[in-house]
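Below is the structure I would like to discuss, written out as structure tokens.
All chains are identified by letter, namely A, B, C, D and E, in their written order; residue positions are counted from 1 within each chain.
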Amino acid sequence: MASDTLADAARADAEISGLDALEIAGRQKTTTRAVTIWASTWPKLAALAIAVGAWQVVVWAEVWPSYSLPGPGTVWQELVRQAGGAQLWDGLATTLRRAAVGYVFSVGVGLLLGLAVARFRVLRAAIGSMITALQTMPSIAWFPLAILLFELSEEAIFFVVVLGAAPSIANGVISGVDYVPPLLQRAGRNLGARGLNLYRYVIAPAALPAIVAGLKQGWAFSWRSLMAGELIVVGISQTSLGAQLTYARELADAPWLLSTMIVILVVGLGVDAAFGAADQAIRRRWGVLDQTGQ
Amino acid sequence: MASDTLADAARADAEISGLDALEIAGRQKTTTRAVTIWASTWPKLAALAIAVGAWQVVVWAEVWPSYSLPGPGTVWQELVRQAGGAQLWDGLATTLRRAAVGYVFSVGVGLLLGLAVARFRVLRAAIGSMITALQTMPSIAWFPLAILLFELSEEAIFFVVVLGAAPSIANGVISGVDYVPPLLQRAGRNLGARGLNLYRYVIAPAALPAIVAGLKQGWAFSWRSLMAGELIVVGISQTSLGAQLTYARELADAPWLLSTMIVILVVGLGVDAAFGAADQAIRRRWGVLDQTGQ
Amino acid sequence: ACGADDGAAAGGSGPVTLRLGYFPNITHAPAVVGVEKGIFAEKLGSDVTLETKTFNAGPAAIEAIFSGALDATYIGPNPTVNAFSKSRGEAIRVVSGAASGGVALVVKPEITSVEQLKGKKIATPQLGNTQDVALRYWLKEKGLTATKEGGGDVKVVPQENAQTVDTFSSGAIDGAWVPEPFVSRLINAGGKVLVDERDLWPDRKFVITNLIVSTKFLKAHPDVVRKLVEGQAAANEFVNTKPDESQQAISDHIGKITGKPLDVKLIKQAWPTLEFTNDPIASSLKTGLDHAVAVGLTQPVSLDGLYDLTYLNEVLKAQGKPEVAQP
Amino acid sequence: MTSTKTTPRSATGSVALHGVTKVYGQGEHAVLALDGVSLDVAPGEFVCLVGASGCGKSTLLNLVAGLDRVSGGRIELGDGVNPGLMFQESALFPWLTVEGNVDVPLKLRRLPRAQRRERVAELLRTVHLAEFGRKRPHQLSGGMRQRVALARTLALDTPVLLMDEPFGALDAMTRDILHDELERIWTERKLTVLFVTHNVREAARLADRIILLSSRPGRIIYSTPVDVPRPRRIDSPEIGSIAAEVTGRLRTEVGRHGQ
Amino acid sequence: MTSTKTTPRSATGSVALHGVTKVYGQGEHAVLALDGVSLDVAPGEFVCLVGASGCGKSTLLNLVAGLDRVSGGRIELGDGVNPGLMFQESALFPWLTVEGNVDVPLKLRRLPRAQRRERVAELLRTVHLAEFGRKRPHQLSGGMRQRVALARTLALDTPVLLMDEPFGALDAMTRDILHDELERIWTERKLTVLFVTHNVREAARLADRIILLSSRPGRIIYSTPVDVPRPRRIDSPEIGSIAAEVTGRLRTEVGRHGQ
């Protein structure tokens, strides 16, 4: 865990001779990489085992008919079957590409909007509250407008995604900027950072934790909006995860639905890992990582 | 703006005699309440005017047929007509009641989940990343499970709402707790706050800004999930905003759709005002409200 | 599945609750009128409590039937087939028909012949559903190609019905093969009927709505199902004999559920394209399935045992009406 | 009120460090902050720690307070003693008023409300901030914040007090007054105090014993009892000469490290 | 190197306060922190401010730095002068390393990279933290953080330096060394310095003039030139006697307010 603080802490030990250093190293608990990985893995495996076990027990108890709630085995088979074909991968690729593009758009719009609203009082008074209001607007409400503006193109999907995610990101930025410690802002101003430079050198980095939190929430919004938005244009030359989710439901195909849900969860886990790494890095820098002092 | 800091600042001016105080008051710009309200109102009105104006111009330009994009006047008439009848109010009442109940549930679950995950390392390793993954799961994916567990009751709707909002709130809590300054935690521990008390006296209040941000994002999730969830059963004895939104769309009734969207935006604005007030209060307490020092 | 015993509709002689689903929709007219006019309640009698549930799309209704949260529902042919085949013939039975017709291909007025469809975009409600299959099969018969992915001579664009009016009027699509009331709406948005699907079927009849019950409920409470079918027949009678009153009832009922009464003019406009019949027109379902196989959208499935029309025929017989052929 | 205070007053107040070592970080980038520090503080003793900037004084107090884990050696405290630590930075809770901050340790000890209110008022009088109870930390000056932190630490009512430059931000006059207050409380409550300061005169004014830490790694290199009878005055010549002696040692030590 | 430093060196370095008043808050809860403070600091002058805790010293520096607005009166600075303020708290950016913190003002002045690197290294040597460039603020001791903040303020290269208890957390020895460094830089760069301290000896050691502020509301009640030739030694008797004089005044003033 602490291995990076150390990388940073370099050079400070000029006065510790080689021998001293050896001695110190001996005194420390040396946690190997394998141990660290195992420590973060076994709880996941345990949680998975508990979840799957409970599921299997419910299925065995035959509370619901198997076409309504298939067992883990059935779903696993379905997943394997899907993984063997091209449709799942095509759909996943399409959706991930759209998600990436839509999210990048959303981040751009959200960051700009957030910074602008946080910075200009008039803008905040004018549209500050509108941001949350927009955030609560369900995606389907935007479909007609999206079609009006972009017809049946991917842009229509991106429009819905951006309207879903950007307000959330902007809100993260605003709340981050609002809570930047005044002392640091004053320090920055005194060091000559005014206007944009104050944002670049002080406010943005100070607000980073809240911004990352907002980006994470924004991802969830953008992904959900995408799943909905993908129904605007279904099957124009490509399938998508959102369409598969809907079809699975339409066809009352429970194993397919569950396996699609698993795919979505796995994607979510992957994205969370990325955000987790970013967060970890920030916390290490800021010195809030290990509260008990190594 | 600063009027409350003052309320707190009481008693400190024992040495300032009445006369002095008068003199001081004279030197300050006395901003009356009306001026303050106007300062925060005119930008909103201006933004509204610009938005409605642009809309009207597009309609006049007849880019799209009027049944596709009706003008502000038509929508306003529709809104007035709706407001005159009982359906809109019934639907709004039903939806707001469900939103309140669902949100309270979500807050309870989200706070507990967030605190538990933030506190227990094993739990975090086990299900920490699952929270974001759950957050990205579209509401419709939960419908079958909701129906399985709760049949066609309101509980099924709440289930979908909680699954949508609780992860978002939990994520807010986790990111807040993670960034509590270590110094304050140490201070709390040294003052005798251990275990739950540390959470009550130090971590929770220190994380409050991030928690409020999470609650705000959670509201957006819960509201959107509710709009979707209300379609599980569109109701016979009671109509709902979610149903109205969907039917307005299905009936291609653009004025109705737009007027329903306006209702949703107004609700969103109201909720944002509540969160804004909470946020304002926290920032005032923390002394981050007025960066330039009154 | 578990036994015939079911929480909400416990067997035996005690009071039974029948949970009936339907859509607030013109193709579900018998259901809507039956509920609105109290016809079901009257036929079911005092020892059966009627609980109605309204849905806006098939999946939730099927999920509810599967999970035991619903006993019977009016539903379209597509979810019917899906529910039957996915439960391997276990979950449901069709006990009556409800409506036929009401589907058409509406196109831009400048399109007047099949040939002109080349290179155009035509919407259907959903990939592989009845209308989608009908369009593709029809195109195939006319010698036009249309791939699943939206390629070929005619680009078939599956999309939610709610969206077709928007896409049609914005010019994103050139036509749509859809059921009522979207046919009427597209016409109002400047469209023109190119094909009335009735013309493609024997006797101008094909199923658009039928009544299904869960097998469990059927086994546990056959008498209740008979009363339900009686109610359905009575509702159809009402709809067919008092169209004006029915249209008003539909408008009011939809208003109650959705928050805004449906325009009676629109109902009147759509009315003649529909036929309300107790016959589930099993043959059309079977043929539709064959067509789906023919255009490569599905694997053949067996529909054996889907229909249980004994109650319907009992009711019809009692009323002295011609019975329906059990397929 | 004399140096006989080094004799035990209460068994619970003792603090003993045995070869305490503290390493920050791991592996080749580790920093050895304390190296084999052994120290016995008798119950009721007032010990002042002095040393160059960065020599490990705060580290030592943090270890005694149990807020960090030792890397080697061990620390013994009386049974159930939770030493109160006044941090080098003020560490006030920004969401609470001054009163609220001082109230926290009392609340945590579940004292009844009336008693708490009384105690808070008394403590704020002790640090001369009686009228500032309703202010929030950001409305105070640096020295005022330090005094609030002092009041909060005193509210802990523990037998062992660890103080990290508690009077660094105070003017001479206010500091002198607080010296008297601290000495009074120390006598009344028979406290054990570990006090870090850069002001050697202050150390001589307050301490029973002054301990000098060397620069990184921190080791005890000098320890001297202050045998001046109390009450003492900070500008008295005896204090001055002791301070001069310690300063001399400090200079040699800091000079040795080339600072 | 003598008190002739009070004569103008550079027109840009002057600081003039005319009847400056500062009120925190509004209406009946207002706090009058400064009341009609007038002060003329000549370019190149080194002025030390002393006063009781909470008397308005930090407020005054913040006003001169332009970080707060005056409630009355006016402050005049040389054209385009942006005074560098070293805050009472360290105010380091936690997301940057020590080097990164010192680098910020250089980056903001768009100096080329090589020059910046050199300058940072030089400044860190000045504050005796050359080996700590890659550490982060939370890995430093209190005194080390203060020195980093000093280096960062010096990196501003402004003609007017405002320092709020810059050496409060340093041991005597390190402080003496930094006194010398500061005096050297002041001479070399012909700086104007406003220096807040609680250590009256320190004030006498450094200042051309010492100014005493009264307790709330802050008013200038005493001002004395320090006519001791430089180089000075903090423990020299001349410095001692001036310090004693100022301390006496301070005591009377603080006593008057009952603190």
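As a working rule, a residue touches a chain if its C-beta (ideal position, glycine included) is under 8 Å from a C-beta of that chain, and two chains touch if they have at least 3 such contacts.
If you're wondering where the values come from, they're calculated on a predicted model, not measured in any experiment.
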Point to revise | Steps needed, at fewest, to go from subunit A to subunit E via touching chains | key: 1
Check your understanding: If you walk touching chains, what's the least steps from subunit A to subunit B?
Key -> 1
Revision key, fill the gap. The distance between the C-alpha centres of subunit A and subunit C, rounded to whole Å, is 41
Practice item. Could you tell me the distance, in whole angstrom, between the mean C-alpha positions of subunit C and subunit E? Key: 84
Practice item. Could you please state the distance in Å, as a whole number, between where the Cα atoms of subunit D are centred and where those of subunit E are centred? Key: 27
Study note, to complete from the structure: Shared-interface residues of subunit D (touching two or more other chains) are 24, 31, 62, 67, 89, 138-139
Review point. If you look at subunit B, which of its residues touch at least two other chains?
Key: 5, 8-10, 12, 64, 68, 143-144, 148, 182, 186, 246, 249, 286-287, 293
Study note, to complete from the structure: So subunit C residues touching two or more other chains come to 59, 63, 67-68, 162-163, 166, 170
Practice item. Enumerate the contact residues on subunit D facing subunit E in the complex. Key: 24, 31, 50-55, 57-58, 88-89, 128, 139-144, 147, 164-165, 168-175, 177, 198-200, 247, 250-251, 254-255, 259
Study note, to complete from the structure: Note: in the complex, subunit B contacts subunit D through residues 5, 8-12, 14, 183-184, 186-193, 197, 201-202, 205-206, 208, 282, 285-287
Check your understanding: Which part of subunit C faces subunit B closely enough to touch in the complex?
Key -> 8, 19, 24, 35, 52-57, 59-60, 63-64, 67-70, 161-163, 165-166, 169-170, 181, 185, 189, 255-260, 262
Study note, to complete from the structure: Per the touch rule above, subunit B residues touching subunit C in the complex are 64-65, 67-68, 82, 87-88, 90-91, 143-144, 147-148, 151-152, 231-236, 239, 243-244, 246-253, 256
Review point. What residues on subunit C touch subunit A, complex-wise?
Key: 1-2, 58-59, 62-63, 66-68, 78-79, 82-83, 86-88, 90-91, 121, 126-127, 129, 148-151, 155, 157-160, 162-163, 166-167, 170-173
